[in-house]
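There are two complexes below, and they share chain A, which is joined by chain B in the first and by chain C in the second.
Take a look at the complex of A and B:
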């Protein structure tokens, strides 16, 4: 019993970290990058290349790969999201452009590197750690810790700093924020950079354990998206809670009824949340002004 | 030193709502634009502030053509709009709202903006009592006070007010207009008061334009505009 709880919560950490990549951009721009799974793949391949071919040390390779993935995220916002979200909240063309980008990246990486898994070759915490009497891989524990640290950092920055104040203002009313001399587009671009840095980091750390392949992204996209929806896309704490719930439910049901039912059960939870509390467990209820 | 609009044409989609608008605003003066519902008042405010691209014409602020500048750039240069319905950040406190208004002044004269804000707070002490409350919880009149103070924190050279009386009682409207007069006198900003409450607006304005169906149909010193037959029948109900 305890093993399921620990495994579930720890796996949830990875989902939470990736989901944060959705939540951060959703809060400031009302858009999400549906190519998020592929940004994990890009981050992982970049890290592999920088370490294996360029010869950077492990940590440096991770740092550079994370930064480049973030900048690619900013570019994606500028080129594929911003021009396709100009007509207000009902303009969802960005959804198609980012999904399109995900197909493009899958094809590019598959053609260049093949579909097989390649070992990342570094960055794996090669140990088994005991948590509450249960054994989990060091890597998964690392991911869970990173997710918690990242969330706390984001919450502090957004609630305490001037930049965070700007982000909250953009989140509430982007147009009026522009009237204060603050560019909502710059805040949006910055959110995409930071969000994709987190996603890149998640991708690299996950690939360090499982290997790099173009197929790395899609399963995690579903899990992270579910975590985001369950927790609420408008709350920075949402991903942690959503990741924990999704991780716990899939692990528990997976153990009891087999892994097929594990994943299905997670999605059923998503549907249940959408019916009962569409804004997510921690999300802000959308007020309809008359 | 003026804000000038020349031959403005603007609207949503293909439809032009405003056409051939010419107007001039000078520092320290209050100019009223009066018009009824649907005359194009908010379209005019949004076009001048840069929230809406114009189709034709020019906007010049102190010798610089600004019609291609983004809204945030215009705000940073001192062209400030208080939008219709006030649009405070309701989840943030009064203090945070006013502080964020200061962002538009930060590259020009933040110190003077702070002094002006202090001056307003001294004149309207109720805002100090509300300082750490969420702006969304304030009454309509208090919200309008916060919106005006937030605009003063932006150190406006030209201040555009889009229907500040909206949703306020006649008494509160008077109070808000008293504040507008104070802002014009103390900050030296030129104020464009875009209003439906013609009589009260004309009382505090030096000059007035009448906006009807997207065109300016009359203009002149407020006293003249206020006594003209057309305006009296259309807006003053006499």
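Take a look at the complex of A and C:
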């Protein structure tokens, strides 16, 4: 039983890290980047190129790749999200443009690099470690630790700093905040930069274990989105809880009934949460006076 | 958001999509048609889509070996190429293109069974020789039958399961084993599961199946179930070597080390770059060809000299060579590729197919479109040594491993 708990929690850490990418953009811009899986791919391919072709050290390659992925995220917000979300909260054209972007990235990377998985060549904690008496890969544990650290840092920044105050203000009421001299667009772009940096980091660390390919992102996209929905897209702690729940349920049901049922059970939890508590387990319910 | 801006972004996306998908559905010809002793082969494969390695390896094999075979048999082969984009719909378009626009004398591919299934009826109705150098699912893509237009140089999945079954179902320490199969959640995996279950029922051996989605983050829960079921003879029937790496890593995490561990030859693609020697220790694969035999060595040497590395899909290169050899001989015998029935008859009556110094005597016949037979004495068991690059080592024939262990 403990093996299921440990495996579920550790795997959930990966989902949580990627899900933070959804949450960060959602709380400040009310939009989601559905090309998030492909940003993982971009981050991983960039890191592989910088290390293998440019000759940067592993850490430097990761740092530069994460930064560039973040900047591409900011550019995506400016070009493909902001112009398509100008008609208020019911304007969801950004959904189509980000999905379109994901197809473009998949095609570009597949045609450029092929569909096969290639070793990243660095960054893998090639060991099996014991946690609470159960064995997990060092890389999965690293991802889980990174997810927790990132979440704590985000919470501290957003609750204790001026920038965090601006972000909270924009998430509360963008129009009024704009009248006070804070640019919601700048905050939105910054959120996309930071979110895609996290996604890029997750992609690189995950690819270090499993290899880089254009198909790296999609399997994680579903799990990460599920973690975000379960935990709540308006809470920075939400992805951690959502990732843990999704990871635990899929591991437990997968072990009891088979892997495919494990994945199905995770999605059933998402549906159940949407029915019972649409804002997610830690999400904030917003009531509007009519 | 103004309409002008929307149009700009739309145009940008459209341009990028078209640029990235260029070649999809198109047909490319390598040279023009000749007269006697000549033939045009329409090669269908996934130039774009999720598995372009099939396209790459097929084309490289043609580049490498077609000139030599043409010279050897005194025939002229022309190739036209059509992209199926790795989808059944793409395959359907591609086969219409090569048959109706290029008027080919024979169709080679598609290399993947689901796409091959999509074109089977069309090729059969067109009554052209169908050269299956890769599609292996015998249920989806059968050869032979009354019309017998399909000829396969790849092993078929039923034969693989049959030969693998002879090893995997053999007793361990005098007792029946508990056989486990980890299969990909696609037609390739499903067919293997069905064959193994049937084999198990016939021999009274328990078979435990666990499926895995391509690209899954881990397979810990599946391994736990196999371990709990007491599996001591395991077959990993995944389409991708990278997924096999995910499986063996989860096996290491769960400390699951059954007495027998076998995988398909797909383990050659990507696997060794993503796994470690400790994970492939004792992991074997089965193939009708000996990858350390002189024929394979000659092919790999030529491939490395020309393309600077080893193929992702060894077997596709080998089987394309075998198919070109068979078809060229048949065209020579028939006098021309456009006498389709004569070419088919010639294929059925070939005295031998040659791949470098290796020969297959009477490979095909009326009602027999399969080059390989499920004879354990003719198939090989191979694995990897404990170096970081994992050189391929041959342990012996399957029969040898059944009789004396490997």
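We adopt the following convention: the second predicted complex is superposed on the first by the 290 of 290 C-alpha atoms of A that agree within 3 Å, B and C clash if a C-alpha of one lies under 4 Å from a C-alpha of the other, contacts with A are read in each partner's own complex, and residues count from 1 in each chain.
One rule holds for everything that comes next: a residue touches a chain if its C-beta (ideal position, glycine included) is under 8 Å from a C-beta of that chain, and two chains touch if they have at least 3 such contacts.
Nothing here was measured: the structure is a model prediction, and the numbers come from that model.
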{"item": "Which superposed partner A:181 touches (first chain B, second chain C, both, neither)", "value": "first"}
{"item": "Chain B versus chain C as contact partner of A:114, first or second or both or neither", "value": "second"}
{"item": "Touching partner for A:166 - first (chain B), second (chain C), both, neither", "value": "first"}
{"item": "Partner chain in contact with A:278 - chain B first, chain C second, else both or neither", "value": "neither"}
{"item": "Touched partner set for A:93, first chain B, second chain C, both or neither", "value": "second"}
{"item": "Chain B versus chain C, judged by how many residues of chain A each one touches", "value": "C"}
{"item": "Chain A residues contacted in one complex by chain B, in the other by chain C", "value": "none"}
{"item": "Chain C to chain A touching residues, read off their complex", "value": "1, 5-6, 9, 13, 16-17, 20-21, 48-53, 56, 185, 210-222, 224-225, 240-242, 245-246, 249, 252-255, 269-270, 273-274, 276, 312"}
{"item": "For the chain B and chain A complex, residues of the former touching the latter", "value": "49-51, 70-73, 75-76, 80-81, 83, 87, 89-92, 96, 99-101, 103-106, 150, 154"}
{"item": "Of all residues in chain A, those that touch chain B in their complex", "value": "165-166, 168-169, 172-173, 175-184"}
{"item": "Contacting residues of chain A [partner chain C, same complex]", "value": "3-4, 7, 11, 14, 79-80, 83-84, 86-87, 91, 93, 97, 100-101, 103-104, 107-108, 110-111, 114-119, 126, 128, 135-137, 140, 206, 209-211, 213, 215-216, 218-220, 223, 250-251, 254-255, 258-260, 262-263"}
